[in-house]
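The two complexes that follow have chain A in common; it is paired with chain B in the first and with chain C in the second.
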Partner chain A sequence: MLLFTEYVIRGLFLGAMYGLLALPMSLAFVTVGTIDFAVGAYALLAAAIGATVGGTLGALLGLAGALVASLVMAAVFVLLKRAGHHDTIMIALSSFGLAVAIGSIVLASWGSTAFVRQGLDAVWTVAGIRINPQGPINLAVGLALLAGLTALLFGTGLGRMLRASAVNAQGAELAGIPVVAVQALIFAAGGLLGGIAGLLILYSSGLDFTAGLSLTLSGFAASIVFGVSNPARGFLGGLAIGVAEALSAGYGSGAMTALIPQFVVLLTLGLGMLGAGRYTGYRP
Partner chain B sequence: MKQLRNHANSAAALLIAVLFALLLRDPVWIDVAVVIGIQALIALSVGLSFGQAGLLSLAQAPFAAIGAYATGIISVHYGGSPLAGLAGAIMLPALLGYLLARLVIRLEPLAVALATLSLAAIVEVVIRSWDSVTGGYVGLSGISPLAWAASPREYFWLVLLVIVIVIALYENLLASRFGRALNTLRHDRARAMADGVPVVAVSSAAFGLSAAFAGVAGWLYAHYVSYVGPGDLGTHLSISVVLMAVIGGASYVLGPVVGAIVLGVLMRMLPAQELQGLFYGGTLILILLVARDGLLGIAEPWFARALRAIVPQPARVAPEDERRT
Partner chain C sequence: MTSNQTTSVTRRLAICACLGLTLAWPSFAQVAPLKIGALLSMSGPAAVFGIPERDAITVALEDLNSQGGVNGRPVQVIFYDDRTDAAEAGRGVNQLVSRDQVVAIIGAGTGGNVLAAGPIAMRLKVPLLAPVGTIAATDKKNAFLPWVFRVAPSDAVNIRTILTDAAKDGNKRIGVFYQEDAYGKTGVDVAEQLAQSLGIQVVGSAPAPYTATDLTAQAIKLREANAQAIFMQVSVASLGAGFVKAARQVGLNVPIYGSSGLAQKSFVDGVGAGAEGLRVLSIGNLVYDPSPGEKKLSDLLRAAGKVPQGWGELVGTNGLVAAIAAAKSIKGEITGQSMRDAMENLCGLEAYARGKGCWTKDDHDGWREDALVFTEIANGRLRTRK
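And now, the complex of A and B:
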């Protein structure tokens, strides 16, 4: 029982990072109707820069790097829209290209060694379970960002503009909302949130240059498993996937653990739960 | 003449293939050409699924890997003939592709892209961890070579022959009812449904067929190298074949082949292996921004003008009802 509790707690800490990645993915899916495949790559870039420079400065530079990368994606998005491509597949495909390009830049500049940094040496012992304080920090950061994002979406004018663009882009345009600019902002938010997630992963389990796409997949799995309609569900989905992975790693095999996000995606898609709400008039 | 007009692409492919076969003598370039040919075949499969049916697949390389492993396992573990391997290399990816498509095709096309990415990750993990069958990290070696295409030069002919056959089949498919249904549903799913096209069945069949094309490429790969490992037909190849199709023009039958040749030759000139991804990703974004229909999309108007200058077009006869008014 103690072991089980320990796995669950470890899973929650891991899942907080998936939840963090899920936030921009569900935003992009609901408002732009596309997937930014590069979110995991932003996390990778932030972690690579953070690992090299180190400390607070490294974290800030890492975030800046991730933000710049996501601004590239935002610019590509705006250019594609300007050129009259409204096909969301094209946007997804170009973000896939960006993800591959970032992975390659990281490989060429840092090599194939894994990025990992020891943040805190202290170990807390709570009821017989040893916990590295980095875990609770991850969870707290995740919850704080979720709260911030929810407040932004439902409490501010910008949030209202975002939701309006999601419900009816054409109507929002007619009401004077700069829809494309608002949507470009979402790609930038992906860089910021992805970058933060990358830095937290750097100080927890670490990652290497191949992590970009698998992080994107985990984040997307998290964002759809309980329904893509609001960020809190995405975060919860992240926690659930984290716990499932930790339990599988504890009791099962490594190969099984690696497959959990993939099966979640296939199962959710197979049951037809993605995007069904778009046709039944739900309001994000 | 009508036959030629209906099969212009296969005729062009056959002509180019014969030219290549006659001109290429250098063994190094023959090796390069075999590899490019195999990639062109996978790119053709992208052309069918993405260019014609509008389904973006990021799992075409894993489908090829399944084909390669299928024939590899039949050859190494059971001593089966390459022809038995070919049957496995066609059927296994086709079945998997069909089932996957059947599962997710009702959703929007984006969901298909995601599902294929998940499938790619699953295939990779299964290949790496199923030691007793796939050889795990070590891979499968000692796959029997083809007795009737032993030298690289003969193998090159075989690859060219397979490409021409696939192009001819592909072209036939497009001229059929099935092909027209496919093109309709890419542009407008509701319209296709209203026309009585069984959308799910048609798209899934196209997807399965495209996976089978990739499987054939995997079969060619396995018997050429006589080895398959987990890193051989992976994610980087999936992205490069999509890029090839997009560069050449995914909706043109010959587009993926043109893209494969252009990109394959360019890649030989790139200095650092690590920067491959940057080159691929950057080119993909650039081509989506500036030339969405690829090289053939740029060339088509010029080509049509040149053709009109050479071959005089018959004067258009107005339809009967038009004449009456």
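And now, the complex of A and C:
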């Protein structure tokens, strides 16, 4: 039983990462109706800069880099909208292109070396389970960001504008809400959240230039597993996938572990559970 | 002296200098270069090795050409990026042979790509100098085996060397952590095949994808299997570093052996202080404790503004040196066929790396145990174990 508990706890720490990546994904899906495939690439860029510079300055510069990259995506979004392209798949494909470009830029600028920084060396022993503080830190950061994001969405004027733009863009426009500008903000938020996730991964396990798209996929799977209707479900989805992965790695065939996010995506899409209400006037 | 006179003298001097150079280097100026292809993974996941291979081949080519190339004939290397993609590797062989007329190809970038490129190389009659450890690349069942010559120690040699060392220290229960691909799976399969002959037992194995962000579950699984030593068949530095950190965190305090894929600076930097004594098998020790040949390559790289990374540079230049040595030994016309035939008779070949390459008609694995060194991490460096 102790072993089972240990796997679950490890899974929760792992899932916090997925949950963190799921936050910008579900935010973009809820408010703009599209997927920003570059979220994992923002994480990669932040980690690359953070690993190079190091310390608090490195973290801040990493976040700034991720923010700049996401502003590129926001600009692409605005340009597409202005050009009259309202098809969300086009925006998603643009973000895919940006993700590939960021991966190439990281490879060209930093080479193929891995980005890893030493986190905290301390080990806490709780009820016989040895825990590095980095895990609880990741979980706490994820929960704090989730709380902040929920407060922003449901307790502020900006949140109301975001939700109004999502539910009825034309009506929101008529009510004086700058819909495109507000939605562009979402991409910038995605850059910040992705950047934070990247920095936490940098100090947890590390990553290399190939990580971008797989991180995006993990975040996407987490954001849809319990329905994509709000960020809290996305975070919870991340925790659930993390626990499933840890239990699978511990008890099952390890080869199954990597398939879990893809399996979740296929199952959710196959069963038609991808927040279909979003398109029928469902209020997020 | 007036300005016009000065210009005139300068002109005459320049003309004399040009004539002098042309007369001094008749062979390099007039002979068409010998073309060798380099089909490497310079983008995609295997760029980790492909880029150092490319950099080393570039600087070594200049060095070898300055020593006279192939009997006075300059050598030209034409690079092609296989993008870590098997289909692209096949296209690369076609293009390098049909368009660029190369007589040998260093590559492809990964074991899988060699398997894809091999049949095409056989059809076009050009030998591949494979800088890979993948056992299947020189499997006797391959119809294209006569056209593939390995320029790195095979994974079977690497794994046997590691497990022999672990067994020698009395570690009979081995846990295997491996990356989820053909390279990783080979580690488990070969370890299980060798177990009985080495008197060891593989008590557990735990795979992980390249981009896993937490490896504590895998570490717990091997801890619960009561492994006395861990063998990591991993070439992705962040994955290896992540597992070592996870192992220490969950209390898996047993000796850890890293496969030669982990003999990289970024792995050593990544594992940090918790990895003192960790053993990593290495193809040479280019970065931290170079042999005289490796030191020469390291200096060439640094002079070109490159930072030596690890074994990629060594296996890449093994390929180049072998191709030039084969070409030098050919009396008549140098073609793909004559290069292949010459390679089967190359032995005692010394490149920048340690060990001596030797191929025969029946054995296309050129480099063996003498190319390997055991290293231990000490003070953030890979120290060669004496």
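As a working rule, the second predicted complex is superposed on the first by the 278 of 284 C-alpha atoms of A that agree within 3 Å, B and C clash if a C-alpha of one lies under 4 Å from a C-alpha of the other, contacts with A are read in each partner's own complex, and residues count from 1 in each chain.
In the analysis below, contacts are C-beta pairs under 8 Å (C-beta built on N, C-alpha and C of every residue); 3 or more make two chains touch, one makes a residue touch a chain.
Owing to the predicted nature of the structure, the values given are computational and were not obtained by experimental measurement.
K.L.:
Overlay done on chain A, so just call it for chain B and chain C: clash or fit.
P.N.:
Chain B and chain C clash in the superposed model.
K.L.:
Between chain B (first) and chain C (second), which, if any, makes contact with A:S204: first, second, both or neither?
P.N.:
A:S204 contacts chain C only, not chain B.
K.L.:
Go through the superposed model and pick first if A:N132 touches only chain B, second if only chain C, both, or neither.
P.N.:
The answer is second: A:N132 touches chain C but not chain B.
K.L.:
Mind working out whether A:S214 is in touch with chain B, chain C, both or neither, as first, second, both or neither?
P.N.:
Both partners, chain B and chain C.
K.L.:
Who does A:I35 touch here: chain B (first), chain C (second), both, or neither?
P.N.:
first
K.L.:
Go through the superposed model and pick first if A:M17 touches only chain B, second if only chain C, both, or neither.
P.N.:
The answer is second: A:M17 touches chain C but not chain B.
K.L.:
Of the two partner chains, chain B (first) and chain C (second), which one does A:L107 touch, if any: first, second, both, or neither?
P.N.:
Touch partners of A:L107: chain B and chain C.
K.L.:
When the two structures are overlaid on chain A, which partner does A:A99 contact: first (chain B), second (chain C), both, or neither?
P.N.:
A:A99 sits against chain B, while chain C stays out of touch.
K.L.:
Which of the two partners, first being chain B and second being chain C, lies in contact with A:L80: first, second, both, or neither?
P.N.:
first
K.L.:
Please report the chain A residues shared by its interface with chain B and its interface with chain C.
P.N.:
Residues 104, 107, 214, 254-255, 258 of chain A touch both chain B and chain C.
K.L.:
What residues of chain C sit close enough to touch chain A in their complex?
P.N.:
43-45, 47-51, 180, 205-218, 220-221, 224, 236-238, 241-242, 245-246, 248-251, 264-267, 269-274, 309
K.L.:
Note which residues of chain B are touching chain A in the complex, please.
P.N.:
So the residues of chain B in touch with chain A come to 54, 56, 58, 103-104, 106-111, 113-115, 117-119, 121-122, 125-126, 128-129, 235-236, 239, 242-243, 246, 272, 274-285, 288-289, 292.
K.L.:
Quick one: which bits of chain A touch chain B in the complex? Just the residue numbers, please.
P.N.:
That would be residues 33-35, 76, 79-80, 83, 85, 88-90, 92-94, 96-105, 107-108, 213-214, 217, 220, 253-255, 258-259, 261-263, 265-266, 269-270, 272, 274-275 of chain A.
K.L.:
Quick check on the complex: what are the chain A residues that touch chain C?
P.N.:
So the residues of chain A in touch with chain C come to 3, 6-7, 10-11, 13-14, 17, 104, 107, 111-116, 118, 121, 123, 130-132, 135, 201, 204-211, 214-215, 218, 242, 245-247, 249-250, 254-255, 257-258.
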